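Listed after this line are the structures, all set down as structure tokens.
You will see two complexes here that share chain A, one where it goes with chain B and one where it goes with chain C.
So, the complex of A and B:
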């Protein structure tokens, strides 16, 4: 096991960040999914030894992470928030940190890491001039420069444009293919799905689900999905959509119809044809359940 | 580990010269020379050596040492936690107590070097006044030694404040309150406790190194207490420096680095 947490607790004053979390993480890529404030970052910071747990036990690579420099150099951490020596160049930053982590030839390690994250072109520019995507790559570069066994990535794709996102996903998968274990957190399910099949879901400090992505998806899909369609002919549209049992509840409001469906994928696939048949002009489609908070709430209740 | 420590010392040194702190430090370090220049050129009865002694006694050792130590002490602790760079440092090969030790040592040395330059400029500026000037290398050297001692005591104390208190504001407040009250006020009070301030102990060192043991007009404020002797002051300041350093190391080892999400 890479990480073994047993009834892990963490509180900040009266606020409980982690509540009796028992979780084992094995080799490969594991996703840690949860909305903002769920406790993901708190868990990751305890895993890497930056923060001390308030209760329970945690072992990483068989050792306690707190105040353990010998273990710390076996881990690579990519934090969520930016924290750089802005006056340094990217190359200097990665090289300095590699040396602090005991790498003999910091410059060579930095060169390799920077090439791996495709930051070579801007490596000799000051970090203060870097874009969001470059900063994310730089954080990844410093995390891998000292060749750690275990990577902990806190929301590595947040704020990145789709192209950078794809490149970072490919990079992370490449690192895992080299034999590194990776624990990556996100609040976006499809980001995690692009990286791994194994996920743990946290919500309000609790572990609410753990397992294969397909199992979690099935759990989510069992929960009826609410959709609001703003249209000029709500009743006609509702009649078409309700005809084959994909809709379990309908409610009308001025200029719109609210529908609940247990099969959202099939529903969305049918919607354009139904609108055409009904002669309805669809102005807007929205879903309060598209936010992860609603999903996590459901998982917690389940 | 030695290699990692050396690399970290280099990083600390580079950090000192960069960022927002450098201009503030430059102003603090140049101010005594400016004050000396003004006194030497505009003061009617100012004598060169007297100008130098007054500026060093009241400003360099009274304010500058503490302000410099607060600026860098808080930045090295609370500042690095706040800006997120501490996470990278604490995930290295060095244990936290050693990180604090290296930071304190490198910073104290660097600041002492800068104070030497500041005092040299002050001595040169004072020399523009009439009369016998300070004994350049001896007096500047002696004052640097005393100021360096003050930095060695104050810097770890302020680092400890930055590591114990959760926010930079809390750290600055915890640093400023004892400094303002104890060092700046109590130092001049006619009470026995005044002998225990760092400032009066530094002045005890200065009395021997600069004034050859002869307390002149600058020491007229001393009432109802005795300025500590050279040995007493050395022991007291060494103990304080050691205590504060151990406190800072312990605080670093015990400090959970909570992210911005914890607030």
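So, the complex of A and C:
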């Protein structure tokens, strides 16, 4: 087992983030699914030894993660939020972090990692000039620079456009194909589904389900799926998507178009073509938790 | 269908030592500091004082009778590190500005950029991180204190008119190093503590500068009001200058001490402040979620 958690608890003062979570994660890619505030990040941070558990037990690669530098060198972590020194170049940043991680030749490790995430062309530019997709790649590069056995990725696809999303998914799957075990979190089932069949679902600090993604998918599909698309031509894009009959509701808010679809698979498959036809530059696709909330409620009540 | 190898093999490669990882943090911070123009200008200012002394010493050496400051080791004490007027010591001021510019950003900036997660998800402990930041700031400040002091010592050793034994010269060098450390270490610890309080570098810098001048103003006002000497112990500058002064073996004219006491009280105060500041930072770093 890569991760074995037994009745794991985490409190922040009087707020409980993880509640008696018992979970085993094996080799390969595992998805950790849950809405914002479900306890995903807390769980991941305990796994990598960034935080100490309040109760219960956890073993990662057979060792306790808290205050264990020997284990930390075997894990790569890609945090949800950017944590860059914006004035550095991408190459300098990855090399510096690799050296801090204990790699002797930081520059060589950085070169290898940057090539692996296909960021070589912009590696000598300042991070401040990077797009969202480049930043996500850079975070992946710093996570793999020291060749870890186990990768922990916290919402790696959040805020990426469809093309970058596809590239990152291919990248993560490629890393897994090299033999790395990957634990990836998301609040969007569609993202997790593109990466793996094995998932664990957390909600309000509790593990509510684990197993095959298809079982969760069946539940999800009973509830309309809400998707927010930020683009320069929201009305044109909405018109294209509405014509196919996969969209049951459209509204425009905050400069974005919000769509509800009962058939998310078909919707996501048609989205790139519709954007092309409408001449719309898609800046961001995100899915709020409304639809998942219903499933989580169902799972919790069950 | 492609079947990928999903088994994992235990890592067998070698990683660098813990010290090398701390050194990586120090190196990263020093590169950053030495590329800051304002910090470089302040460093040059420190070296300009030495250059001024060297010119004065050059002309003094041509005189038949040497002036008092050119004899013994008063040159380092009164003439260099403790140079100042009205209990305002020039070197302490340079250090204060350097520390405010570089030190205030060290932890505040990492908090602002969410970089603590990047550090602590690596094979370094909170203690390693603290050691890295503390050593980086101390090393940089030493380039402004020990660097010019060493230059002055080298020139005086090479061209000075005084006949000294090797042991005496080595003693002076040791005193210079110790004086530099006394000036630098408490400042580094205190500024890191201020830096850990906030995400905004300028707030940390303002807190430190306010503390520095408040200690001097209170000390001066209390001395004038109470007509006593003990308020000098409140002044950060006086404490560091007095302890530094005590590092030098008395040779030539002894000169007036900054404080009328031994080393115990000033050392206890500065030592306690240093240890407490570092403990405070360490305690804050223990909980990443609290800092975020």
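Following the convention adopted for this analysis, the second predicted complex is superposed on the first by the 229 of 302 C-alpha atoms of A that agree within 3 Å, B and C clash if a C-alpha of one lies under 4 Å from a C-alpha of the other, contacts with A are read in each partner's own complex, and residues count from 1 in each chain.
Going forward, a residue touches a chain if its C-beta (ideal position, glycine included) is under 8 Å from a C-beta of that chain, and two chains touch if they have at least 3 such contacts.
Keep in mind the model is a prediction, meaning the values are calculated, not measured.
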Here chain A is shared; do chain B and chain C fit on it together or clash? clash
Could you say whether A:51 touches chain B, chain C, both of them, or neither, answering first, second, both or neither? both
Contact-wise, after the overlay, does A:16 reach chain B, chain C, both or neither (first, second, both, neither)? neither
Just chain B (first), just chain C (second), both, or neither: which does A:282 touch? neither
Check the residue A:239 against both partner chains and state whether it touches chain B (first), chain C (second), both, or neither. neither
First (chain B), second (chain C), both or neither: which does A:74 touch? second
Does the superposition put A:106 against chain B (first), chain C (second), both, or neither? both
State whether A:37 touches chain B only (first), chain C only (second), both chains, or neither. first
Would you check which partner chain A:85 touches, where first means chain B only, second means chain C only, and both and neither mean what they say? both
Tell me which of 63-71, 153-161 or 225-233 in chain C produces the clash with chain B after alignment on chain A. 225-233
Common interface residues of chain A - those touching chain B in one complex and chain C in the other: 12, 45, 48-51, 67, 69, 72-73, 75, 77, 79, 81-86, 96-97, 99-102, 104, 106, 142
Residue ranges of chain A touching chain B (in the complex, touch as defined): 12, 17, 36-37, 41-42, 45, 48-52, 67, 69, 72-73, 75, 77, 79-88, 96-97, 99-102, 104, 106, 142
Can you list the chain A residues touching chain C in their complex? 2, 12, 27-28, 45, 48-51, 67, 69-70, 72-75, 77, 79, 81-86, 96-97, 99-104, 106, 142, 146-150, 176-177, 179-181
Mind listing the chain B positions that touch chain A in their complex? 1, 3-4, 7-8, 10-11, 14-15, 18-19, 83-96, 253, 256-262
Using the touch definition up top, name the residues of chain C that touch chain A in the complex. 2, 4-11, 13-16, 18, 20-21, 24-25, 27-28, 109, 113-125, 128, 288-289
